[in-house]
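Letters A, B, C and D mark the chains as written, and numbering starts fresh at 1 in each.
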Amino acid sequence: MDTTAPILEVSGYSLDYATPAGFTRALDGVSLGIAKGEVLGLVGESGSGKTSLAWAVMRYLPAGAKESGRISLAGKELTAASPAEIDAIRGRRIGMVFQDPGTSLNPTLTLGEQLAEVLVRHRGLSRKDAWAEGEAMLARVGIQLPAAMMRRYPHEASGGEKQRVVIATAFACQPECILFDEPTTALDVITARQILDLFAELQDETNVASLYISHDLAVVSSVCNRVAVIHRGRIVEQGPIAEVFAAPRDPYTRMLLAAVPRPDRRVIETVPEPRADALLEVDKVSVIYGRKPFLAALLGRVNTQFTGNREITLAMQPGEILGIVGESGSGKSTLARALTGLHPFEGQIRFGGRPIHGIADMDRAYRRDVQIIFQNPDSSLNPRQRVREILSRPLELYGEPGRGADKAAIAGLLEQVRLPADFADRFPHQLSGGEKQRVAIARAFASNPRLVICDEITSSLDVSVQAAVVALLVDLQQRHGTGYLFITHDLNLVRQIAHRIAVMYRGDLVELIDVGDLAAGARHAYTRSLLAAVPAPLAA
Amino acid sequence: MSPAYVLKRIALIGYTLFVVSLIVFAITQILPADAAVMLLGENATADALAAVRVQLGLDAPVWLQYGRWLIGVLQGDFGVSMRTGQPVGPVLVEALGRSLLLALFAILLMLCLAVPLGIVAAIRRGKATDLGVSVTSYIGVSVPEFVSATLLILVLADWLQWLPATGYVPLTEDFARGLKHLVLPVLTVSIILIAHVSRMVRSELVDVLHTDYIRAARLKGLSARAVLFKHALRNALLPTITIVALDVGYLLGGVIVVEEIFALPGIGRQLIVAIQSRDLPSIQAGALIMASTYAIANFLADMTYAWLDKRIQYG
Amino acid sequence: MAELLRRMLRSPQGALGLLLVGLMLVLVIVGPWLAPYNPETFTPLQRYKPPSLQFWLGTDQYGRDILSRLLYGARATVLMAIIASALGTLAGALIGTTSAYLGGRSDEAIMRTIDAVMSIPSLLMALLIVTLLGKSSFNALLAIGIAFTPGMARVTRSVALTVRKQDYVSAAIARGEKARYIVWREMLPNVVAPIVVEMTIRVAFAVMLFATLSFLGLGAQPPAPEWGLMVSESRRFMHLSPWMILWPSLAIATVAIGFNLLGDGLRDALNPRT
Amino acid sequence: MSNFDRRQFLATSAALGGLALNPFNAYAQAAPRRGGVLRMSVDQAVAKLNPLLTRVNPEYLVAELLYSGLTRLKVDMSAEPDLAASWSSTPDLLEWTFVLRRGVTFHDGSACTAADVVATFEAILDAKTASPARQNVGPIAKVRAKDDSTVIFTLSAPFADLPVTIAYTNAKIVPAAVIKAGLARLDREAIGTGPFKLVSFEPERQVVVARNDAYYDRARPYLDRIQIVVYPDSTAEGSALISGDTDMISTVPPTEFARLEKAPGVKGLRTPSGQFCNVNFGCDQKPFNDVRVRQAVALTIDRAAMVEFVTEGYGTPGNDTPLNSAYRYYANQALKKPDIIKARALLAAAGYPNGLDATLIASDRPRVRTQLAVTLREMVKPAGIRINVETMPHATYLDQVWKKGSFYVGFYNMQATADAIFALLYTSNAAWNETRWNNPAFDKFVNEARGTVDDAKRRALYAEAQKLMHAEVPSIIPVFFDLLAAQRDWVQGYQLHPRGAVFRLDHVSLAANAPKRA
């Protein structure tokens, strides 16, 4: 890899945002450089300032931002550049690919329009030529029928297609440098993989200098040459991937690396002893969304129904952790909702032997024994209730009477999830994401359930926090012998924690497999493509 | 937008009018005034009254009266005014025409002023211009029509003598005079609209300017004007369509007052007179016509919206 | 609450709105005690007086002190408007939440009907109701309340629906909570805020509606010191003494502005995005 | 006109018949200019076109333009010939003979003969027609045509005022054919003998009439057209006149008058009149069945102040009788002065030592009713009478309160004769017996008077009647209104008629400087 003068060079750059409370430091003495054809991974957790750096490079800073240091593009000092110059540089010499193609594309303009306009603006093409060029670009980024795609509106394209269009736009003017801001985070595993491959291709082909921002060390390790780890606005460590990941010098880096889920590092040793009487048996459970056809017809609607789950059948032993993986819309959460009586279902559930044919059959005992934890604690904790009330409810309902008021009991619950007792008086918005999720967990365990359904409970958390929460879950499982239905899209994570894995695809349960056998090679095609898509776990 | 959707919306209009007709008829049934007395006046003798009641079918049970009335309405026959003895339908339709003319001018004026104001306020957000616009709009929405109308008359008609105070002249009769007579009413009704809509446009645009795709457009190096006019406005103005339609309801309300003050013989004035003189058929027909106007306005708005907004699949 | 207040005071609208509305409420409470004269006594020799030291805002056609009438009228006007809006809000909230809770076809039916009712302009609705009930401030109050109901029902429903979708409600259901608890403890607290905002803004509208009804002779009746009535009465004396119409008009506008500002201020304060 | 006997009376009327050709005109001036379009504004819609059913002044105005009566009222409230060229009566005043003009035709070209007159009066007297004229044209028992041009009225009681009462606003002659076919036809079109023909009729907006070239008077009318435009808002109406948009305002509220007078090129018109507001007591219901209570209320009123408050000074104090100086047989009595002590005493005597509460109902049109009510409310306070004013729409008022209520405000135009107003409101058999006072003595005076020709005797009888009302207060009549109107100075020959319901626009002409209108 040639190490000529870097295309993008940031040196001693600091940035402060103006807030009502005064200035807060976002970036602190950041220095890095990216050479032609090089991919620098910028790794950090939320709030670390990685995106701020991107905005700084793009010269897209809020009014009242205070900065010092230098940012130069091929020797051109950007911090000093005039607005006109910046306009000429943006999109022409520096491209950017955004996190969520769903929101970064204008819903009322055709994809072609949004691609062509850049060409018109920066390469002075006529609309007609721009359009033709655009089609070529789309073909290049691997879109079948580019002509048709040009004419589509964002809502008519899939997430992957949209992201391809965004990438095409970024590369459209052959910029010297492109910033990628978590370009695959909003996508499904397999789509993400394809985007990453596309990225790699284009990268080799154009030799552009890329800054690849991500929280996912696995991804970074797979696409970048060098990595910079950013923490609280500071670059704590920087160097070639191999070196940094193999022998991290900074404690934070070490912590991060340790936190990354790795299938080879099982966090759960116990194996549930196979017993005759299963804890939970799901028998041909189907969930149908949408209104009844006849009314739909009445209202002149085409049949709006679709199937969320199609005849799912599986069984769980007491104390077992059953992982459920699948991309969004595969029906993971639907199953969870059916099992907790949040959505009517067809078929039969047997819990501890007791048959349950519908929500009506979910009696107090069942409610007590089956608890659910949701993905996003911000919405699963009532913002207008204090932690105390949130935790006291299950106690009221399922503990012996009057325990809801019992301070000690609540303190106990908090202690169980390693939160200080005085959190009882706080409101959710006074807690961090991880703390909120812990409260949610505490609430779930308040009724000593036998089965807890974890619906993507770590996906909104940072790696380090996720690790801690997982550890906590495992610990609780040891203590109470609770069974988990662990729903996630993170294959690595689930391979770490689950005993068996159920793979779902478009509402079907395509495969139910023992974790051990997974490495040996899955049988179902989809499972295999899923496994293939997951970025290779970090080398130890 | 599928034809099924259109049909559904039309069906809804039907339902709307049905409900309205029920409400209106119910209200007029309980009004504290004897229709027959209204018709004959204070000198009517008992037997005369009785005769009229039979003639009007007021002796029949209410539901039957409703049925008859509804059938009549469906055939375009709104009955005969109890004040003038004239058939209600044609009179009101003509009146509606005048009101719609007023409303049309008001909406045009509103669009010409409100949208630019809103845009300026939004892009100059927090600056003096923004403040100015929002202050004026706050005042605008907070002054009842009858007050603004009075002040306008006082200043423009009495002191400056630029415009005729009130009165209505059909454009067909004398175009120039007709227009002059329309200025003050149009101004009065549009004030609140302008104020309201400009605020809406502003806040919508401000929201849009905060979206990712606008940021993306900026970071693609597009010129500020391209970002504003090509990317932002389109999305900001879409919701305004619906708002304008909803304002039509308010407009119709305002029209009542304005027509009363400016002696503009539109539907609103007809209604006031009808209400004051307990002219039941006119009240019923008037209210029904107003409601349908509103319903249709919203229908059209929805259609336009569905047509313009590519995102929503109307099926 | 204190937090909310702080946020309100941060935005100019919020601050000004609070100030104006606060002032109005003070007048509503202590107005009558501040009034220098009896708002009803005629003074034959003091008619149509312009503002002076004796009569700060001048006198009206019967030689009544306008300031005193405004002060007494604050109650008739502001309080009425607030109560009317509250009434409409309450009824609307009830219908809205019920509709949202029932969901499905009953929800559809209710909402279609609400839409239908909404297609009658609120002023017309109020007019009809007042003519039906007979004209008086109280009936005007009822009328406005009723006229507001459908709109509020719509708002409440949409808010309730979004709340209904929140996971903490799902959690409560999964926990096997009773419907009562879910509606009252989990949903309501979160529904209230946006509805309060809507209501505040409606108060401004109510003040104007009241004035308009009185202007059309269907609201408060003489000799009540209701502001709208004062305006409509003084229109006829506009040329004898402009003051008579100026003051009550100003008062109405001020209240309306106050509540509009307060409403927007509240909205911003309650909205995390800003 | 003291010592007035019948011979003289007949002579006068005959003479008047002759006079009719050169118009009665206030400012004797050169021959009025012909042509032009007059735009006159009125404050209420012209809802009813049928002359037999008209009820409000704008409607009377239109009816008067389109139709003729047998006689019409001059500004001095005496009768002048209209369709009738002359008239006479038998000594006992029981039979009246009217001789019609010849060659008068209706707007549809058909001749207007005695048959039409008879048919019209029969229609008027028919209860089913429900014409206000029924109770106001006098005690007519029978109408018959002696020949094509002679109509004979047979009365049920001696009646001296027939030529005047027969000029009643609703007593307009319509074609017999139309009556036969059904009067409904007159709701939309006008077939009269009046000086103008109907061009267009839009109740809420305007009525346009054009000169009737076949009018019996070759000289009049002078105007080509008259546009009667409706202005519901008086302020706006005033502004329209000032801006020259209109030429005349039929009725100006006191509050506008001062401003209009000041305006350049505008002339304010004012005439004292018998138009009044009365506060009616239900003399058959508690508490007002007790005369002392009624007197007490009457004693609280400062009538001079009332004139100020209610009429802005454009009026005269009333004395609780419907007659004032504008009436021929007005009997001057000491004006009642406020006397709170006495009032309280009377109340106490009547059994209300600590005053009483009453609800005073006032309809919202015209506004002055409410004004009066509110003013009264303040004036009675010191006497411990607590009035709660309740206003309601006119329609509701007519339906629920009028002639039934126990305490409400009425409003009346001046009538042509003392008898007319008494018989309209206060006799036991009054058309609109608002007070149910039903005082035999009063009835006797009035009935006797109407059959008396001797002016002095008659005057005496009416004086008695007025004394009685003054004492017993069946209704309080605190103020009489001056009639107010306004016109541009290019309008000539218009004289404000105290009757309020009579306009005589056929005498009006436009000066050369009047704006040309289409």
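Quick notes
Simple rule for what comes next: contacts are C-beta pairs under 8 Å (C-beta built on N, C-alpha and C of every residue); 3 or more make two chains touch, one makes a residue touch a chain.
Note that the coordinates shown come from a computational prediction; the quantities given were computed from them, not determined experimentally.
Farthest from chain A in terms of Cα centroid separation is D. Taking B-C and C-D together, the pair of chains sharing more C-beta contacts is B-C. The distance from the centre of chain B to the centre of chain C, with each centre set as the mean of the Cα atoms, comes to 22 Å. Rounded to whole angstrom, the centroid-to-centroid distance between chain C and chain D, based on C-alpha atoms, equals 46 Å.
Taking each chain's centre as the mean of its C-alpha atoms, chain A lies 46 Å from chain C. For the pair chain B and chain D, the distance between mean C-alpha positions equals 41 Å. With touch defined as above, residues shared between interfaces to two or more other chains in chain D number as follows: 233, 235, 364, 393, 396.
The residues of chain B that reach two or more other chains are 32, 150, 158, 260, 275, 278, listed in rising order.
Touching two or more other chains at once are residues 131, 134, 235, 238-239 of chain C. The chain pairs satisfying the stated touch condition come to A-B, A-C, B-C, B-D, C-D.
Only residues 12, 15-20, 23-24, 27, 30-32, 138-139, 141-147, 150-151, 154, 158, 249-250, 252-254, 256-257, 260, 271-272, 275, 278, 283, 287, 290-292, 294-295, 298 of chain B touch chain C when the two sit together in their complex. In the complex of the two chains, the chain A residues touching chain C come out as 20, 291, 295, 337, 340-342, 362, 364, 367-368, 370-372, 374-376, 379-385, 393-394, 397, 443. Of all residues in chain D, only 45, 47-49, 53, 55, 127-128, 130-132, 134-135, 184, 187-188, 202-205, 229-233, 235-237, 239-240, 242-243, 245-246, 364-365, 393-396, 398-400, 402-403, 431-432, 518 touch chain B in the complex they form. In the complex of the two chains, the chain C residues touching chain D come out as 40-42, 44, 47, 61-62, 131, 134-135, 217, 221-223, 235-240.
Looking at the complex, you find that chain C touches chain A at residues 10, 104-105, 166-168, 170-177, 185-186, 189-190.
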